Amino acid sequence: MALRVAEEGLSSCSGCEVAILNLGERLLALAPQLDFVHMPLLMDHKYFGQLGDGDLKRLEIPQAELGLVSGGVRNQEHLEVLQAMRANCGTLVALGTCATHGGIPALINGLANAELMERYYRGCETNDPAPDPTETVPPFLERVYALDEKVKVDIYLPGCPPHPDHIAEAVLAFLEGREPALPHKSVCDACPTVRQGKGQLKSVRRFLQNAQYDPAKPIADMRCLLEQGLLCMGPVTRAGCSGADGEAPRCLKARVPCRGCYGPVRQNGNQMLDMLNALASNGIDIKTLPDRAGGLLRFSGAHGRLRPRPAAK
Amino acid sequence: MSQEMIGAVMVVGGGIAGMQAALDLADGGYYVYLVERSGAIGGAMAQLDKTFPTNDCSM
Amino acid sequence: MAFEPKILAFSCNWCSYAAADLAGASRMQYPANLRIVRVMCSGMVHPNLVMEAFSKGADGVMVLGCHPGECHYLDGNIKAQARLAVVEEMLDAYGLEPERFRLAWCSSAEAERFVEVVTEMTEAVRGLGPNPFRPTRPEDAQEVA
Amino acid sequence: MAKTINIQPVTRIEGHARISIQLDDQGRVADSKLHIMAMRGFEKFIEGRPAEEVPRIVSRICGICPWMHHTAANKAVDQCFGAQVPPAGRKLRELMQVMAHISDKILHFFFLAAPDFVMGAGADYKIRNVLGLAQAAPELAAQVVKMRQAGQMMLERFAGKVIHPVAMVPGGFAKPMSQKERDELLAGAGEQLEFAKFCMKYAKENVFAKLDQDALSLGRITTGFLGLVDPADGSLNLFDGALRLMKPDGSYLDFNCRQYADFLGERVETWSYGKFPYARVWGEGFSMDLEAPKGIYRSNTLARLNVCDRINTPLAQAELEEFRRRFGRPAQSTTLYHWARLIELVYACERVLEILEDETITDPLVRNPVEPRAGRGVGCVEAPRGSLIHDYVTGDDGCIASANMIVGTTHNLAPMNMSVRRAALDAIKGGQVSEEALNQVEMAVRCYDP
Amino acid sequence: MTLTEVREVSGQAGDFTVRLLEHPRYVDMDKCIACGECARKCPKKVDDEYNQGLGKRKAIYVKYPQAVPLKYQIDPENCIYLKNRKCGACVQACPAGAIDFNQKPREKTVRVGSMILTPGLKPFDPAGIRTWGYDVFPNVITSLELERYLSVSGPTEGRLARPSDGRPVKRMAFLQCVGSRDLNKAGHGYCSGVCCMYALKEAMIAKDHEPDLDVSIFFVDMRTHGKDFERYYNRAKEAGVKFRRCRVHSLEPAEQNGGVYLRYITDRGKQVGAEYDLVVLSVGLETPPSAAELAGRCKVGLNQNLFAERGGFQPVQAKGRPGMFVSGAFAGPHDIPQSVTEASAAAAAASLPLARVRHSLTREKRFPPERDVRGEEPRVGVFVCHCGNNIAGVIDVEELAAYAAKLPKVAHVERNLFTCSQDTQELLKKTIQEQSLNRIVVAACTPRTHEPLFKETLKASGLNENLLDMANIRNQGSWVHQAEPEKATEKAKDLVRMSVAKVALLTPAPPLTVEVKQSALVVGGGLAGLVSAHGLAEMGYPVHLVELTSRLGGSALHLYQTWRGEPVEGKLDSIIRKVTSHPLITVHLNSKVSGAEGFVGNFLSTIQGPQGETQVEHGVGIMAVGGRAHKPGEYGYGEHRRVFTALEFDKLHTLGDSRVRGGKTFVFIQCVGSREPERPYCSRVCCTHSVQAAIELKEQDPTRKVFILYRDIRTYGQREEVYRRAREAGVVFINYDMHEKPRLRLDNPDMVEVLVWDHVLHEPFRIPTDVLILATAIVPNDLNKELARIYKLPVDADGFLQEAHAKLRPVDFATDGLFLAGLAHYPKPVEETVTQAQAAMARAATVLAKTRIDLDSIKARVIEERCDGCALCVDVCPYHAITLEEVQGEPGRKLVRIEAAKCKGCGCCQATCPKLGVEVAGFTYEQLASQVAAALA
């Protein structure tokens, strides 16, 4: 009997859902074994009955063995959907860094909600100023939460978006009833660039001009971008973006430094602390880095890592 | 005939000099007899309370 | 009764830990709020350890090393100094007062300095009050872990 | 008796929305609303970020068309820093952006919209989806999946990341294109064009052919249109150009996207987190009333075909002429969005081939270094979901001081609400609420590919 | 072998037979646990020699509380039972039944290859000599008695009080040269060399006890000629100690309050009387009769000062007695650094002839096989120590033990009175085996002092030594929270919980050993370098000798004779010939060390020579880069053709230069460049050198007038003899001090006019002289700084190389495997240079004697499952021990590799790695984090 799968996207951009589609032919191959019972992007199953007349209190998610949830928890509806998914899915997978660590939307955690509302509904130049919308729209939670701050998460699939190879591995592992073999080292593990040591680094500059490399030569001949003085979050970010046997991390293929979109190497690690510490230990004055919190916690602002500046300061 | 060599040394007197010589010889691979007239080794230095220059105890 | 802060100190085996021993040998008295974790060098203390201490409710954390130039491992203390900026940044990010963390040098002979630094720190942290992350509020403790 | 119907979530669209329909005592549709349920606040939380990092942040506004935000943001930052993008850099940017259109349109037409037409609007919801389509027409589904995947892989192999791209950077592009890469892409683009032609033929036979009067009137409203046109000859341009705001009667104003604030305003309603742009320049104010709409204009595929004078690629131009012969200019029927989408698919494939055939694209100089400075920049491109405007102001440290954005779907929020009301009124008569009726209301929304 | 004497020695070098007599201790050493019950019960009180007779001890006693071996002994002269078969109180009192009255003296004969005599010294006993009134006035004590008074373990627990009435001491005086430099009263012409220094030390410590104490030191010459001694002399002056340059001849009782009255002459020449509460006689050293007897039995000659006879170039070899060596105070009046250096030198000299039979009789210490505990669940044993009452006095040890028992993974808890005592170690071993414990927590004192002891015990009980953690509840617990016992107990609980948490995570770290390269490098071809190179080669180790110039010999080339008059040149040439011809020595002339890396047993030095660079692997290194004469910028040097430095004068004197040969008046000025603010040290050799030269000038032509202008004549030790002969020869010594240096008039090219203040006549005194000789300072040569940078060696404030410990490791560097000899350490005469060279040789041999040495196990280790070669740690390592290496079988994938030998375990890499990819055994992140968690639980 096919494996029932439910998928939901909370405070997300559907990038993870497209990543699922980017399984390509593999998705068609898996299709017979899978029975998608709920996936708003592709299927029309509704929360409150197909005729939209169900009880608004009882949000309905069909029973499923495997539940995939992407996106962080931003408002009340997300929380209700998440709790319903948890209740109805045997195994819950946090799909993508928004789900595992808050992702880009968690950058808002550095500000109080009121500041956002003020700017969005009254501050923009093109706005006709108006009060915040509150009618029949789900109220905001005080900040963006990662899934495991609200419910128990069984499998973490970080990545922005997670690589289709690992989504496939997670599903296959579930079908075969084994633990998914997911990478647990840092991005450097799969990065073929030439590394010697970070000692000579005196400072880290902004990415205002391309790295030095010979486009004709493969990535393996390029000197590690961090060692070229560009901030690259590779060493403090979990591996995975190079796929199962990828040639190099995706951003490195474009010769661009990593920005940590897979979240910390260890589930409860802190990318900002790890990176600043790595730079400081090699003798770099970390005060020269602009926008440290926004830059180094860009994808892992949940779990209280990013919080509004105390007003007093 | 080169007469037989005994690989042992006798140090007579268990003061600071005797103890240091005995240690160096033992570390150097020789059997040492440290012979002390009194009931315990330590010699005169043991009676000193503090030693110049750091004034830490001379024990 | 008065708030008794709990202070954690990472002391380097060659200098500050020896100073603590000497303070003991000289019977110098200092407040009992201090818990010392012996490390081989102040350069061995990962800022994560400091932040874990704060997230587990330490009211104050200190790293004590040798004076610059006297480090048993050449420049371990210089690295500790460099990481000081990281800890300050993290304290600011977590909304904790910078005075809760202190990096101080004291050589193996400076027992008085050790006692002075410990007493000053105890009083300073007592003034700041308990650490907001003290696990009295469970979801906070879990939040920062 | 009076009741409220909640279509939640609106499915087969990108984003979180809810449709509420109030029926009065006689079961007639009294009111209907399309509520946008989420708002993340990109304009606010990119404040303070170094401008050169922003293009890699704002791509997360939409996971299906991240390339558009990536491009618009880069163009805005270029203006802030006064960067001169080398020709090869500019060509690579346009190539990437237009290629992104291709797989996006295939995704929308086949994965999201087609099930309604192939299975029928009233089909059981369990099979009215791409998986159902795969069972019903396996070879077609396989072909679609293969071609869409090929399009994505073309982008990924060259630019590293296809979803949430990183290859475009302020001042140009992150890496030059090698001859080998150009040859591969040329081969791929050729296949994509063939497939685009197949899609057009398939759609005409199986979908557009069935567009009877009802289908054409589904959610039909009369509005103005907004889209980029090439300032030289008014032709369709997805990458750059001037913005053309056309009134329902066909007259239009061209303006540089930097002055967008003088032409467009945004109204806020209490029941939706989304803001409602309207054509402030017309001076009519704003109203979503079906009979007397004020300031309402539409964006996206149909709008672009209406506003552009011609299309500079042969096949697409032929399709446009046939389209115009049949539906005039400007065509107002909402369902025609799908048709326009496929025409644009053909144009996109032809445009990609055009860019690739110019071998100066492999020039190694793809980026000029940029200097962070205070400035203002407005980057504008045409996204699959509509015109995309990113307006940044940077401080002396080169970090974002303030930002304002009007993204694709936002332009269509007001028109979608009107289409929903129109569709609801047409579909729900005498209080009979059927699944098919509700699905038709949703179909009205899906045309806009929000 | 205690209580044993040498009765008779026969045989010759390499094979002596020695008959020993062991006096009975009357206490069975194996049974006695030194509990002290016997002494408490023993009725007979006797003067305690240890406290210089100031305190009392019993007939059954132990020399002092920390004596080694800590076993009681019975004093046969005073024990009532042994004298007349009565009493025997101690037998009942002894719980261990260790008293055994019928022990008899036992004789033993032993065969040895060499003998070293270090019978030590006896302080001069001033009793019976009227002028000092030592045994007449109670408030006149010797310096050694003062040492006991000042000591916390002494009769008055360190409180300074007048022996007569116990009243506090307000004014105190030290009389120097009591029993030294005094032939008629004490029969000792020599200077004991140490009294000035210990007087300064005791004065400073006394002032520590009583800050407002008024201390005066009456001296003839202030002889602080050792390294850093002059600085200490300056500190004493700044601390307010008063110094009077005059010899007090007689003491009388003060009229009223029982103090002591003495008269002295001030530097203005006025007679002054003064009263002191306490007078301390700085007694000198002399050879005890027992030592003289021993010398007789070993047929070792003694000189007229009753010190062992020895030569300038074999300073530790008993003259005319091969195989017999002498060192320490028996070889001459030495301070502790000199004795320790000589002891090492004697060890070297004694082992040289026996090189062939090295290791023949010694055996390696064996440990039982190590039990593999990796698989086992942690079973922690907690041992709470009372440490007498040091811990138990403040911390509630029962509550602590009870608390520890309830901690997770704790299988056994025990309390001990003294966990570090030898018997408790045995107990520990038994408990570990019985309870099959695999982790040990000792809650006691600081690991810094006692961890090695417990590690030994763990190894001896079959456990890997690293499965141990110590909770410091004494130094950082009971001792510092004596007023808050409950808080101290609370803290102790936390500390124990932390240790238990950490120890549970400890894993057995395999002992790492590394091979010792059997070769040596000697830097500097002077006398020190030559002697040590030749010595090591003779011991059978290949040596590389690096000399900067094109000639071997160094400063010794300019020396004419030793203080005993032995010619230097002959001996220097012979040692140079021996070195250049020795098969095992490679000499690198015109070369210097340009770079070095590695560590003890595995150094790799780069020598830059005329033909380019050569790399040399060596196990040990001896730094003997010497010093050079200071070129003065004062006293008209370089401007007047009759002003010379001491060495220049020597050359002219031997070549018979006309200015010297015809000269009628000669003036020596001492301390030129030395004991100045910018060089606050004494160059030690110039006084002897000038005095010898003056004697020779007088002997050549008695009519010559020879003047020596001095600040202090420092002919220390047996050199005093030379000073006495100079005075007899009519050399005139005139004292000057810092602020009225001699002034010169240099206008006449053939004569220098010297103007100086005469203390005796109290008027200026003009000396027209034919020749002016400046006793210039010895300064470190500039190679020191560079060598220090290459080998990471410390340099002291004056630029000399800094030894590890002034007293206990005088020739070692802090960095293991590197040693120090010659002028590079501090200015010193020929025979002390030879001694230091031989000492360095001995110390180096202790390293080379081992083929492998074990490194401590605190090393960093790469965790392959976590490390991914991001290379963040590579350049953080201060010792460059981390490299990025390709993983075999996976081309392109690199991981970090740590060279255990180079790694010192500082942990900088562990604190940098963002993924716990590298950890230091014993201090891993998880282990430290477990302690943090436990502390805050």
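In order of appearance the chains are A, B, C, D and E, and numbering begins at 1 in each one.
One rule holds for everything that comes next: contacts are C-beta pairs under 8 Å (C-beta built on N, C-alpha and C of every residue); 3 or more make two chains touch, one makes a residue touch a chain.
Bear in mind the structure is a predicted one, so any value in this text is a computation, not a measurement.
**Student:** Enumerate, in label order, the chains that touch subunit B and subunit E alike.
**Tutor:** none
**Student:** Given the touch definition stated above, what is the smallest step count connecting subunit B to subunit C?
**Tutor:** Between subunit B and subunit C, the shortest chain-hopping route counts 2.
**Student:** Along the shortest chain of touching chains, how many steps lie between subunit C and subunit E?
**Tutor:** Steps on the shortest route: 1.
**Student:** Among the chains, which one keeps its Cα centre farthest from the Cα centre of subunit B?
**Tutor:** D
**Student:** What chain sits nearest the middle when you go by CA atom centres?
**Tutor:** C
**Student:** Between A-E and A-D, flag the pair that has more C-beta pairs in contact.
**Tutor:** Pair with more contacting C-beta pairs, A-E versus A-D: A-D.
**Student:** Compute the distance, rounded to whole Å, between the mean C-alpha positions of subunit D and subunit E.
**Tutor:** 86
**Student:** Measuring centre to centre with CA averages, how many angstrom lie between subunit B and subunit D?
**Tutor:** Taking the mean C-alpha position of each chain, the two centres sit 93 Å apart.
**Student:** Based only on mean CA positions, could you tell me how far subunit A sits from subunit D in angstrom?
**Tutor:** About 24 Å separates the centre of subunit A from that of subunit D.
**Student:** Centre to centre, by mean C-alpha position, how many angstrom separate subunit A and subunit C?
**Tutor:** 35
**Student:** When you check subunit B against every other chain, which residues touch at least two of them?
**Tutor:** none
**Student:** Please output the residue numbers of subunit E that touch at least 2 other chains, ranges allowed.
**Tutor:** Counting only residues that touch two or more other chains, subunit E contributes 876, 908, 911-912.
**Student:** Residues of subunit D that touch two or more other chains: which are they?
**Tutor:** Within subunit D, no residue touches at least two other chains.
**Student:** Give the pairs of chains that touch; include all such pairs.
**Tutor:** A-C, A-D, A-E, B-E, C-E
**Student:** Which stretch or stretches of subunit B touch subunit E in the complex?
**Tutor:** So the residues of subunit B touching subunit E come out as 3-21, 24-31, 33-53, 55, 59.
**Student:** Where on subunit E does subunit C make contact in their complex?
**Tutor:** Where subunit E meets subunit C, its residues are 446-449, 472, 474-477, 479-484, 487-488, 490-491, 494-495, 498, 792, 858, 876, 878-879, 904-908, 910-912, 920, 923, 925, 928-929, 931-933, 935-936.
**Student:** Can you tell me which positions in subunit A touch subunit C when the two form their complex?
**Tutor:** Listed in rising order, the residues are 149, 268-270, 272-274, 276-277, 280-281, 283, 285-287, 292-293, 297, 303-307, 310.
**Student:** List the residues on subunit D that touch subunit A in their complex, please.
**Tutor:** Where subunit D meets subunit A, its residues are 3, 5-12, 14-16, 18-21, 35-41, 43-46, 48-50, 52-53, 56-57, 60-64, 66, 107, 111-112, 125-126, 128-131, 134, 141-142, 145-146, 148-149, 152-153, 156, 159-167, 169-171, 174-176, 178, 260-261, 264-273, 275, 277, 286, 364, 366-367, 369-372, 391, 397-399, 404, 406, 433-435, 438-439, 442.
**Student:** Across the complex, what residues on subunit C touch subunit E?
**Tutor:** By the definition above, subunit C touches subunit E via 6, 8, 10, 13, 17-18, 20-21, 23-25, 27-30, 32, 34-41, 43-49, 52-53, 56-58, 72-76, 79, 83.
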